[in-house]
Every structure is written in C-alpha cells, then in structure tokens.
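Here you go, one structure.
Order of writing sets the chain letters: A, B and C. Residues in each chain are counted from 1.
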C-alpha cells in the first residue's frame, strides 16, 4: 500500500509539473525585444515609432554596439509597439526603457496625451523615465550616433538626469510631466533636444553621422498640446526660480577683466496670495574654475573674499532680468511652471475657478539678492 | 541452573575456534570462559587466571569476585542474556558449579588512537576527537567534566550487535524529563544491529523528518561537553566516533567547532557569512532561472546585456541549463568524495576546467549559469554536514522557480519555513531562538557575544539551571 | 490544541503583518478615487474604530486566559448556538471574500506587474495547498513563520519607501479635509471591509499565551501597522496626485518609483516579492479562519486536515473565476456592510460580556 501511495505521489508530482509548466507563460529574456528608448514622430497621419532595442553581440563579445533601431508606423503607440514585436520577431518589452523623445512634427501638431497616458498606466514602464522632445525628427536623433556613448537613449537619459543640475536645466520625468498635464492649470514643459552634427572620427563607421546633443531649450504644453518654446534665456530664467537647480553661470566684468560666476546654491521663497506673487531669491555664487567639480562648491580652499560687490551687483541685475523675463513669458502664454496655482490650491483647495485663473491676474514682485558662497 | 548457563553458552559457540574454556579449582571447581579474539591475553592472565590460582578456599563464585582485587571491571552477571552480552563484548566469564557467574573486564583495545577528527578541523582549540570505543569516548568526556554531576546511562541496542550505548548528561543542568525520554526511546528500539550512531539518530528524531537533520552530531569531545553544559544530552554509541547531541536547533548548523575559540566579532562575521551563503546557494540558481525566464527586468541593464550575450547561443532553456549545471556539480562532488584524495584533486580540475570551460566554449552552457552554479555550490560547503540536504532543496526550489517564477520561489521558500517552524522535538522549537523569538538566546545564535558576557544558558534548550555560573 | 497556541508577541507581530499586508494593493487607489488626497484621513478614522474594538477584544482575551474557551464555546454559552452558527456563517463569508480579493490582487501583481501570464486555477491552487499545509502544521507554525520573516518584510517595506519618502512633498495633502468630513467618515464605513484585521483573533482565542503583557505588544503592533499604512497611503496620493485612482496596485507603482536610476534594474520586484510574503501569510490566516468556521458550524474538532472542508474552502477560492472581483466587492459593500459590521465592530465590543457569561456558565456546569 505504501509503495502504491508513493507511486501515486510521484505521478501526481509529475502531472503537476507538466500542468504548471504549461500554465505559467513567461517570456524568456532571449525572446524579448528590450526597448531602451523610443522616438515618436508623426507623418502622413500616422505615428512613427523608432525604438532603440538591445542587440546582444555574438557569444562572448560584450563590447561594441549593443543596440539597433527599428522604425514602425501605426495609429497609436500600442499598435506601434505591437509592430515592433512583429518586425523583430520578439515580444517588445518596455521595462528597461529610459527615454521617450517626441519628434517636432508630433508634439507641435498633435495632442499626444494618448501616448503619455498609455505609458504612465503601464505596469512595466518606469515613471522615472525621461520624456523630452526634439527639434526635427526623433527618428533622425535615434539613427545618428553620439560621439560620447554607445546608446543614444542612455546618452540622452544620462545627460538629462545627471548633468541637468550642474548646467542650470531642469529635467522632467514621465510622472512629473503627466501630473502637470492633469492637474490645476494643466501646463508643463519638456526639454528640447537638438542634435548637432560634428566631424566623424569613427574609422569603423565613416558614413555614419556623428555629433552631440544640446538641451538648453524647452517646450511648453497644455493638456499635451504645444503652447510655445522656451529659449535659452527663458530656461535660465526658470532656473533662477528653481531651488533644486544650481549651475547658472554669469559673466561679469571687474577692472577690465572677465569673470565667470556660477550659482552654487540658492534660496527661494515664493509667497502667493489671491492676486499677487512675491518672489524672494537669494543666489550664492562662486568663481567658476576649470574643474567642473567646483561648480557645486566642492573645492574651495581659500577663505578670502574673491568676488567684489560690483560683480555681485552685475549678477543680481542679470538674474533679476532673466527671472522677470521668464515671468513675463508665463503671463504672455499663460502657463505656470512656478507652481503658483499649486500654492494657492494648498491654501484654498482645488476648484474650477482656480484652475482657470490666468497668470495675468497676479501682480508679480521680485527681489533678487546675490551673495558669495 | 548455572551449569546450564555454561552449557548453553558452549552450545551457542560450538565449533568456534576462539571459544576458550579453562577449568580451575579454587576450593570449588570454576570455569573461566572467554572469546580469544575479543580479549586481551595479558588481561586474562593478569586479572583472571593469576588471581584465581592463589585462591584456595572459595565457597561460591562471588567469594572469588571479592578476592579478585587486581581487576577493576568485575561484576556479578544477573542473567543469561547479560552473560552473553558481556561475553561477546570481551569479558571473561567465570562460572561456578551451581551458584553463579561473574564477568571480568578483559576487553582488548584494538581501535584507533585519539586523533584530530577529519570532519571537524579547527585552526584553534582542542584537536582530540572521539574514536570508535565507547569507553575511550566517555574518558574523553570525563577528562573535561571532572564533576560527580556527570552522569551516564548505559544501554545495549541491537539484537545481534549488542551495541553499547551510553546516554551522558550533567545532572543539575539537563532536564531529567528529556533524559528519560531519550533513554526510553533508545530502550524501545527494536533493531538487528547498530553499526553507527546515525542508526539511532533516525529513532531519536521524533517526527521522522524527511530532509532536515534533527539530531546533532559531533566528533569533538569539547563540542559535546559544550553542548552538555547548555543542558543537552550526549549519546555515545560503541563503534561510532560520531556522538549524538539532543535536542538540536537549526542554528547549530551555522555554528562551527572553532567559533568559541575565536574573537566573538570574527565569529559573528563568519556565521553571518555562512548564513548568507547558505541562503544564497539555495536561492541563487532559482532566482537566476526565474529572472531569465520571467522577470529579466530585475537584472541591471549592463549585466543583462552580458547575460544576453552569453545565453543567445545556448540550445537549452534557462531551467534545463541550470538543472544540468547543478546535477553535474552534484555528480562531481559525489565522485570527488569517493575518490582517494590524490585522484580527487585531478577530478576537481577535470570537472572545473574541462567540463565547465569546454561546455561554455562549445556553447552548451552559458558562462553566467556555470558561475551561478559554482557560486551556489561553494556556498553549500559552508555547512558541510548539510550539503546534500541543501543541494536537494536548491534543485527543488530551482525547478519550482523555473516553472512558476518569483511566485514559485516565494511559495516554496515559505513552505520550507512553515515546515521548519512547525518542528519541535524534546520541547525545543527547531528554529529557536528566531521562531519563536527568544531574545536571551540571540547572544549565541548567528551573532555571538564574548564568552564572559554569556551568563545564561540557552532558554531554547530545556535545562534546570539557567545561570551559567550558578 | 497545542499546535495552535500563540504567544502575545507572536499575536502582535502577526497582527502587524495583517494590517500592513493587504492594504498596499488596491485599497489606496480605491480610496484616492473616493476622496482624493484625503484618503489618509479615511484610514485614520478606520483605524480609530479598529483601535477601540481591539481594546475590547483584548479585554475578552484577558478574561479568557485561564478558562481557555474557544469562540464557539463563548458564543454558544452566551448568545445560543443558532446565533453562533449565524455569526460563523458571516465570518466564513468575510474570510473567504477577503482571501479571494487578496488573491486576485496577488494575481494582478504576478501576472500583470511581473509579466507572468497564467490562469486562476493554477495560480490559486498552490496558495490553497500552502495554506492547508500550514493549517496542518498548526497556527503556531504560521505565527512562528511571521515572527521569523517579520524583520525581512519590514526591511523590504522600508527599502521600497525610503526613496519615495525623500521625494514626497507632503504639502500636496493640503488642504486637509477638502473632501468633507462627512464624506471621509462615511467612506471609512463603506470601505470597512478592508479593515478590522483583528477578527482572526476570534479563532485563536483559546490558544493565546499571556505571560506578562498583552495590551502593550498588540497595541504597539497596531499603532506601528496603522502608522505605516497611513504613511504609505499619504506618500501614494502625494506622489501621484490626480493619477492615483488610475493605478490599481499602489505598491507596484511605489516600487517603480523607488527605482530612481533607470539602469539599476527592477530590484523593487525582489523587495515586492518579499513584501508579498505578508500578503500570502494574510491569505493563509484567512483560509485558516474560514476552515475553522466550518469546524465551528458543524461542531466538529478536526485533529488532522478534513479534506471535505479543505476542498470546500478551496472551491470558494475559485469564485473570481466566475465573478469579476471589482463587481464582487461592490456587491459585498452593498449587501454585506451591515452584517459584516456586526462581527467586525459590534461583536468585539460585546466580547468581554459574552466571555464572562460563557465562563460563568461553564464553571456553574462543572460545579
């Protein structure tokens, strides 16, 4: 009896293993097209999705190019991703996607809220992924190499994530951007990437265009529809308000010599009432050195005062001008990147009237002071 | 009646060459009987025959017993069963015509000498190890426990082997109820023969555990004494150098003989390493397989690319690949264990270089899979006593993980933990002092405080005196 | 029965895991949908009621320490056996539904988030098998397992919360009470199905070992569990704002958020798996209680696993196969709110009285 029982248990175990192995369906990593970044354009009434996909080398080869791009067309992002699977023969995977770049003809002409909602509601897409837009087509960006990195997606993500603070450009991830389009005045921004071609130094791929990315501009959106661009001056003006962003640089003159000063940190105090906004900003600046590590004040062995009051005053005037210009742009195009509406919501609660309140309803007072530090 | 004992014995050993009988007259006719192969000739001559030659007016055999003062091991034999047992153990039996029988200890010492046990080498600390002789083993314990509180209960187990079993404990520390329970369990054993203490371990495991070891085993007297000082009971089996200790806790597996002779901080570090490596060796292959099969997003991107590069050409599924690696590893380990040490080294080299490297080169196995398998295998050896059990466990968890992904790994791990947590032998929870949580015992579980600070005996093990210096 | 004995400390740790176990799945998004960023206030009110009921239940345990009457003894001797059976039937429905809802959340977590597609039967059966294996080994084994894994589970929650906590702007929760206090209190009642985790204690009443303290460990666990739940909920609504109701599984989204660096891989899935152990333990405890309900209804005492009862409870886990769990939940709230409230909130308040009465009657019978 005991041996029959054992045989029965063994048989049951085998049946269970067989049943379970048939019932649990996962995708082997080798059967997945792992998307590192996506560029989305709009052409001929269709979305054009350019996906940068991990492409393993052969056998032990672990260095060299490890990504390929695939371009597909479809009516919606979900369909495009399906087509990526069809083209590659592998199921598309968004879990490792680090960047989404929107092409100029897409973000300027179309409402791309469907795309953004699709991504934010996905359980595998990281909400910390960078979302940005580009001048020209995203396909062009993804198909042209970057001199500094193997992968365009990784390069853009690294640039916007790691370097943004040091060069006075705020970056936006998918979550922040999506929230900005759903709440209060429903305006937000995306960094604008531009590809600048340069001389090709790669002997292996002489025909490929090489170059680098710039990201000193931004675009403003309301409910995922394009509103206006922010040029370099506007972006710097925004950075003056942004306490998380340091690295604003100012060229000042003293005794006939030119000096570059960088903001190491800042204090911002934004007082918002029903009809007025008072901004009080204190910038702490230091001399910029050749080593970029200094920009955040990591290296400053000298205690004596290096910056004269005249230099500080020049910085103050410049910062005041930049900040005021940025505010004026906000009023002109009626967008709110300084969270004025949010500050009011925290006091009064959310209401339709608050959401619709234009920026021109607020009188703006700005005080900028500059200190060495 | 006594005469019939002798006759019975003679009948039992009829035709055996080593059955020796010597008739002596000490005022009454006596017969000294011994098994030549089990007795020391010198002892028979010095402790039995010579004294008997000087005795002239004995009335019964018990007069002889009181007059043989030179031999230390002389006792009255109560029944025929005991007579046979003593006789087969190397005692010389002296029968009188009708009244009785005495047994004189003339056992020959033919075992190993006391050496460092090969399974419990230590950098520091005593190097003596138990041997196969129960008497020597008790001596080794008594040398360290010079107290009248050191008690032994002698038993015999095995219908044919009549193996001597000695239950040792410290009176005043060990709980009498536990000692009695163990003695009763051993007494109740019905078995043909006991060739090693591991036979008894199966009977002393109350719940007949399927995989996990529930009885402690040590080859070192210092460890046995250490455990007895905590309230445990030691069981010595004649013919086995492995002494059993009871009750047993899971955490004892991560403790090593040398732990108490090192700095407590170093001991803690080593134990944590052992603990982590064991968990890693059981879970790592399973995690690797289920990450590759289902949840590759967990793998950092650059490592993922390495894995992709290495796995693209492999003809097997990740599960098959890993099971192959693990089984090959187990075969190598088993072969290595059985080989003479000189050949063993070559075998390891063949296994590691030829099999591993060639399989990777040929594209049969991926380098990461071989590496994970090897890493997991090395981890298992941090608990040398449990290598087989853990190896079996990791195969099961890998299979379930490969079939069901992280859910399978989570459920199977939970199942094992629930099983372990439910076990309780001799009033001792197997996972103590963690489940149930006994804060006082954490001083010497995975972490260890210094010996002077250990003022209390473990609360997990039942004992009658909690104070170590009380 | 000895294998179902638990100490006060074990009871407290289990209670903590049960509080924290199931409330980080679908509940935060449901509450965010109901009252927006004030969902943490709903939790506060619910926990306030829970705290009061818990105090009464612990009082009943204290009264029962020496008598060691089980819930059936207490109810049969105080409110009569038919009423007791009716209450056990309600209990059974609550436990089975809670197990079903939790299982369906786990199913979502594994099949959607972890991208492992499977069917409900193959998913639920291993859970049922594990639950009955655990029941066979005794409630004590479940309690010890909780005790052993408590540190690891707590660590996983901390690991998941550290990064979001540092980035959460709690000012997003202002103004407090925007949804209206009446709505908040009402929501805390309509969503009461998710609370009163102490109800499992009814079924181990006879097995609680009280050596020194009872109130201290249990209330410490209660406050810690409640604080963690409120905190996590606040982080969730503050981080995701208006998007919060769209995100089904709060822990999954918070997990993704924790993976700040995009190149690190989804290590949060490993911590989520560890945290899910607390959900699995909660499911096991609910299945244990449902099984015990059958025992009490039929007045039986299952020494080993009763396969008919086990099969019946397992069959109830197949409910989500036929009914949409969201629809089921809404139906439950519509029809079951009052009966459930009887055992969740009224019974604990009366338990000290019932226990005293039952003990008096039992003693009188022996005299």
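As a convention for this text, a residue touches a chain if its C-beta (ideal position, glycine included) is under 8 Å from a C-beta of that chain, and two chains touch if they have at least 3 such contacts.
Source: prediction; values computed, not measured.
Visitor: So which chain ends up closest to the centre of the protein, judged by Cα positions averaged per chain?
Guide: Central chain is C.
Visitor: Going by the touch criterion at the top, tell me which pair is linked by more C-beta contacts: B-C or A-C.
Guide: Of B-C and A-C, more C-beta pairs in contact link B-C.
Visitor: How big is the gap, in whole Å, between where the Cα atoms of chain A centre and where those of chain B centre?
Guide: 64
Visitor: So what's the Cα centroid distance for chain B and chain C, whole Å?
Guide: The computed centroid separation for chain B versus chain C comes out at 44 Å.
Visitor: Counting only Cα atoms for the centres, state how far chain A is from chain C in Å.
Guide: The mean C-alpha positions of chain A and chain C differ by 40 Å.
Visitor: Any chance you could list the residues of chain C touching two or more other chains?
Guide: 115-116, 262-263, 266
Visitor: Could you list which residues of chain A touch at least two other chains?
Guide: If we look for residues of chain A contacting two or more partner chains, we find 20, 24, 26-27, 95-96, 124.
Visitor: Give the residues of chain B touching no fewer than two other chains, as numbers and ranges.
Guide: Chain B, residues with two or more chain partners: 294-295, 297, 299, 301, 304, 404-405, 408.
Visitor: For a test of understanding, state which residues of chain A touch chain B in their complex under the given definition.
Guide: Interface residues on chain A, with respect to chain B: 17, 20-21, 24, 26-30, 32, 34, 36, 54, 56-62, 66, 93, 95-96, 124.
Visitor: Going by the contact rule set out above, which residues of chain C touch chain B in the complex?
Guide: 3, 7, 9-10, 110, 114-116, 123, 126-127, 130, 133-134, 137-138, 140-142, 144-145, 147-149, 262-267, 269-270, 273, 276-277, 280-281
Visitor: In the complex, go through chain B and note every residue touching chain A.
Guide: Chain B reaches chain A through residues 291-297, 299, 301, 304-313, 317-318, 363, 367, 399, 403-405, 408.
Visitor: Once bound in the complex, which stretches of chain C touch chain A?
Guide: Within the complex, chain C contacts chain A at residues 112-113, 115-119, 122, 171-172, 174-175, 178, 239-243, 246-247, 249, 252-253, 256-257, 259-263, 266.
Visitor: Applying the document's contact rule, which stretches of chain A touch chain C when the two form their complex?
Guide: Its residues touching chain C are 19-20, 23-27, 95-96, 98, 120-121, 123-124, 126-130, 154, 157, 161, 175, 178-179, 182-183, 345-350.
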